[in-house]
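Here the structure comes first, spelled out in structure tokens, and everything after it is commentary.
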Amino acid sequence: MLDDYLIADEPYYRPLGNEIALFEAAYAHRLPVMLKGPTGCGKTRFVEHMAWRLKRPIVTVSCHEDMTASDLVGRFLLDANGTLWHDGPLTLAVRHGAICYLDEIVEARQDTTVIIHSLTDDRRILPLEKKNELVRAHADFQLVISYNPGYQSVLKDLKESTKQRFVALDFDYPAAELEAKIVMHEASLPPAPAKLLVTVAAKSRNLKGHGLEEGASTRMLINAGLLMSKGVSFAEACQVAIVIPLTDDADLRDALRSAVAACQ
Amino acid sequence: MLDDYLIADEPYYRPLGNEIALFEAAYAHRLPVMLKGPTGCGKTRFVEHMAWRLKRPIVTVSCHEDMTASDLVGRFLLDANGTLWHDGPLTLAVRHGAICYLDEIVEARQDTTVIIHSLTDDRRILPLEKKNELVRAHADFQLVISYNPGYQSVLKDLKESTKQRFVALDFDYPAAELEAKIVMHEASLPPAPAKLLVTVAAKSRNLKGHGLEEGASTRMLINAGLLMSKGVSFAEACQVAIVIPLTDDADLRDALRSAVAACQ
Amino acid sequence: MLDDYLIADEPYYRPLGNEIALFEAAYAHRLPVMLKGPTGCGKTRFVEHMAWRLKRPIVTVSCHEDMTASDLVGRFLLDANGTLWHDGPLTLAVRHGAICYLDEIVEARQDTTVIIHSLTDDRRILPLEKKNELVRAHADFQLVISYNPGYQSVLKDLKESTKQRFVALDFDYPAAELEAKIVMHEASLPPAPAKLLVTVAAKSRNLKGHGLEEGASTRMLINAGLLMSKGVSFAEACQVAIVIPLTDDADLRDALRSAVAACQ
Amino acid sequence: MLDDYLIADEPYYRPLGNEIALFEAAYAHRLPVMLKGPTGCGKTRFVEHMAWRLKRPIVTVSCHEDMTASDLVGRFLLDANGTLWHDGPLTLAVRHGAICYLDEIVEARQDTTVIIHSLTDDRRILPLEKKNELVRAHADFQLVISYNPGYQSVLKDLKESTKQRFVALDFDYPAAELEAKIVMHEASLPPAPAKLLVTVAAKSRNLKGHGLEEGASTRMLINAGLLMSKGVSFAEACQVAIVIPLTDDADLRDALRSAVAACQ
Amino acid sequence: MLDDYLIADEPYYRPLGNEIALFEAAYAHRLPVMLKGPTGCGKTRFVEHMAWRLKRPIVTVSCHEDMTASDLVGRFLLDANGTLWHDGPLTLAVRHGAICYLDEIVEARQDTTVIIHSLTDDRRILPLEKKNELVRAHADFQLVISYNPGYQSVLKDLKESTKQRFVALDFDYPAAELEAKIVMHEASLPPAPAKLLVTVAAKSRNLKGHGLEEGASTRMLINAGLLMSKGVSFAEACQVAIVIPLTDDADLRDALRSAVAACQ
Amino acid sequence: MLDDYLIADEPYYRPLGNEIALFEAAYAHRLPVMLKGPTGCGKTRFVEHMAWRLKRPIVTVSCHEDMTASDLVGRFLLDANGTLWHDGPLTLAVRHGAICYLDEIVEARQDTTVIIHSLTDDRRILPLEKKNELVRAHADFQLVISYNPGYQSVLKDLKESTKQRFVALDFDYPAAELEAKIVMHEASLPPAPAKLLVTVAAKSRNLKGHGLEEGASTRMLINAGLLMSKGVSFAEACQVAIVIPLTDDADLRDALRSAVAACQ
């Protein structure tokens, strides 16, 4: 049923600490897990890696502020023979035993966070109120959510009654040496330019809170590396893959450009 | 009809006081009941326990701000033979004599609270206005609602004309000894670590109002216990099941971590 | 057609003053009537009593802020043979000569208050604009609305052009002796405890405006009485039926508990 | 087609001035007319009288803030043979030559006021955009709108481009003698009590702007008169038909009650 | 296909300046045109005149804040054989080569202004995203929009990326002599009273910004003239066609009435 | 399938710098590209040029604040045989290997930006949640977005987690000589008047931030040139194609007119 959602090849993942063992302990009891950390640092890659490692299909949903409970749970569709129920991605995972990964759940409307309450305590049921069905979770089902504490505002935060149901893991950018290895692997880059890119990233991250909302993510370094592999110069690759996307502010761009120049 | 909603096995519940007798007296007259208390302290478990004890099916609805009266009462669905009425969860309970538990009712839109008015006085009727039907409540039907006074704001509070229809029971975290027993039972933990976890919880609850929105719930202690049962250390279990989920604030995390360290 | 909406047994009602005669005079000319007063003081019971006395069916609608004109007037439903018009509760009453009681009309959206304009002057017609039908009111039709002046705010008030169409009756809590009789009757209680409950209510009503939004209603006293009839003590019955539902404020709860203690 | 909307019997109307001749001159050129004045002073009665006098059917629409252009113009309905267009009340009047009376048009959403633009200049067309039909107005069609200047706010006012298309007539409460005659006629009351009621109304109108939003309308006096015709006393009739509906403020009620007492 | 939208008879139009030649030059390249000017000064008449002169059908849409892109572009309707696409007025004009006139486009929601972007640069295509069709504009298609700079606010203004696509023409009230000729023609009035009306208009326009939102438009003068042709006096015609529609303020009404009196 | 979306003739484009090579390097890895720059400077033309150069079909979507994820991704339509899925423009491009160009993506609602996340990392999948299908992107698919930094506000900005997925290119108005060549080519104008128009543009751009929201775009110069080619004078062409569209402010109009006069 969910073969499409199985991950065939091992997703490349370099652990930051003990997170693989902790996730496995949580999965053993099917405890719901929350991944916390900045954008582009590898949370999505980690959960895909764990799905591959645990040999479970993974259903990923990118949450957004217009998403409703029906988008997760399902709805009736009109058919030649009347209405037909269509399972949403969450119900699909609950029924057939996938890991369901709700990416950036705080972005979603409150009804989507409430819908997961009965799935994340010992009841492990999903009531489909529109068809009066109680779906009991498949033994292999687990719920994983992510969110970025930097975005967390008073208006958009998880309710205490949601938060307290999850075991949580912290994520951050990898240490310099590890990050260079990741960039080398993902962009097929030799060590020297990869290290230069990591140095640029470190400088940009120091500008966080001094005008920049966030520093360059590992993903940006990989983008720059990929352009370099097509013959784009280091300076120009940093310019279009890091500096221009990060900010439109002239002073911050100058600061970032100096950082790039200093690395060459 | 509602066999799916009967609870087969006794839900583990340790009373805090006289609440079982009071609920039974209220049920004898089918008085509507409101459960007040913080998240994760056992309100849902209590109502499931009472449903089991009274041998009544229980229909639970997690309320949220996008829930409408139609979600509770029902709607017409399109069928090959035209439209067909589909009872919502509340109507299901009213018609067939279940306990209907509306969890965190203040989260719902006002139309859902008004819909219960004629069910919670001596009329005990539910008008299905969309099909001009007056459903008279089954003799066994009872309405139970919950809400968390900590969340109660000016914008989201029950109207007086709703509140005054309910008999209300207060809930809180169990006393230390009782809470340790609950953790031992639910996480299959020996007494010593269970008591340590309860001590951590007590300290976190003292931080409520000093930056923390709420202290650790009993549920969190059980999560930590479950991780320990898979070989995770006491400190790491507290870290991922209590500290990280509760807060992103560095100072509060330090305070909580010190509390954990002091317990070892 | 409306037999379901006839009230078979005399609803117990003790008049506060001349309201029965005034309502009958208004009904003789089919003048629309507005009932004003606090929650739980007997407005709904009064209109049910009058419907029984006048031998007219009564269609009651609890208004709320998501209610639309279509909810009152009706809508087209899809059928195997195309669309079929379905009368809403107001149209039902207009067409077949019932009393239509719109409870807490100020809660509804403006379109619902405007829809009643042509019904409440000498035209006595209800235009069903969606099907170009002019329904002329049945000779027995009358409109009754209620609202609680305490809730009345700038944002939610009846428009002058609506207000001025109604004859209005004031309601309030019954005098002590009368209220005791009502509690005795409704909760099958002997005089002594009924009087005690009325004394508690009086004290709670003095706290209105000093933190309490409203004092205890007659309905609450009856709830307390019903619990006592099942063996719950006076103090505990007051606690769960009056104190806890009314407020979460610790000081106000103490004040109310002292009032209860002083009565014993 | 519109026989239902013809007014069979002459609606009782006593002119305040030259308004009948002015309306007839406007109708001769089919100029759109706007009626301005307070609630309950006879605007609706006047337009019904003119429809009767001109022997034209009249389609009345009470506007409200949830009314959309589709409510006026029409919509597609689903039928066994697919969709079927259904003319709204405005299109009905445009097509078949009725007077269309939009009561309190400022209450409606902007799309409804814009929809009448092409009907109120020399084009006299109504584009049904949803079916690509241009309805050219029947030679007898005329548009009449009303609004109450007292309600006019910055948020809810007609746009200049709408206003400037209309010829406007001012309305106000009738002079005392005329108002007494109207009350006598409508409530079948002898002259003496009718005059007393008019005196009460005059006093209430002096309170406008001193706490009262509006004074008593002629309609209220008729309501009071009708109650008196069923044996209700003058004081009690004024109380329930004028004082209680007008205000909940204790001081204003006292002032109004003194005015009533002074009349007896 | 669009014969209904052809204008058979020359619409009476007296040019203010060079606008006819400029419009023709713009039409020669099918450049989109924006007409700017106050209400009732002849923008709609001008575009109808140009459509007649260029022998092109004209599809006019009065924009409003509830208008959506679908209202312009089209939508699927349900039919006995499934869904059927129905071209909206803009698509109709694009496909068959009409002038499409969007009246007061700033009133519409942003999606409607964005939809015209690909039609107003050299691409001249209209993507019907809901049916994955790219409609290439008919060689004769042209887009014309109007707006009133007086209404222009920060909230409701055209985006720069929309504005900069249009060639714009300014409109204003005609000079006194020309305006008198227009009033004479449209209301079949002799020169003397037409000139008096123009004098009244001039005085009202001086009050703009001193309490009046706008002065009397040419349209209002024509309305007054039409009433006079049915025997209404000059003073009364000005009163109902100009003074009362323009304002409810007593002082401004006095000022306008004095202006009228001074003209006689 | 997407032949309609192939660009047959080379779109005229004069490069500003290295952007063609950089875009090609990005396309080689299918990296998503973001084009930044003011309105009317050639971003849309550039992406059309690149689509032609890379021989890929291009699906362009003008984003707006009412656009939803369903508008991009697709929806179920009702058919004679039940519901039928209809790919939206994004899905069309993903499935069949087009370049998808989302113009002014910041204008769209958040759900549309989140929907592209899984398409812009190494997963390159588009989950169609409403039909539980995972569309793996065609090998030729690439995503391009544009936005105007001048419009960027706190309320409407791309989320960091979206931004950091893109390689970005800066755009601006062409240098004077290049811009003159573009105007000559597009409006078939001789060099002298084209240079005059570029001088006017330069002066208008100096007024940016001194009352003008933006200076004249290259597009406006072409519009003026096209009018001149039909015999409109330089001054009048500047007036209707530049001055009147840019501003309604009398002082700014004078300043712009002086700039035009100084050029002659």
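Letters A, B, C, D, E and F mark the chains as written, and numbering starts fresh at 1 in each.
Keep this in mind: a contact is a pair of C-beta atoms (placed from the backbone, for glycine too) under 8 Å apart; a residue touches a chain by one contact, two chains touch by 3 or more.
Note that the coordinates shown come from a computational prediction; the quantities given were computed from them, not determined experimentally.
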item	value
Neighbouring chains common to subunit B and subunit D, by label	C
Lowest number of touching-chain links that must be crossed from subunit B to subunit F	2
Rotation angle (°) superposing Cα atoms of subunit A on subunit B, nearest 5	60
Intercentroid distance (Cα basis), subunit E paired with subunit D, Å	30
Averaged-CA centre spacing for the pair subunit D and subunit A, given as whole angstrom	60
Numbers and ranges of subunit F residues touching at least 2 other chains	78, 80-81
Touch-based graph of the chains, sorted into line, ring, star, complete or other	ring
Subunit A-facing residues of subunit F, complex	18, 21-22, 24-26, 28-29, 31, 34, 36, 68-69, 76, 78, 80-83, 109-111, 113-115, 117-118, 121-122, 127, 129-132, 134, 149, 152, 159-161, 163-170
Complex contact set, residues of subunit E against subunit D	4-5, 39-40, 44, 60-67, 71, 77-81, 84, 86-89, 92, 103-104, 107, 148, 150-151, 186, 213-214, 216-217, 219-220, 223, 226-227, 229-232, 236, 240-241, 244-246, 248
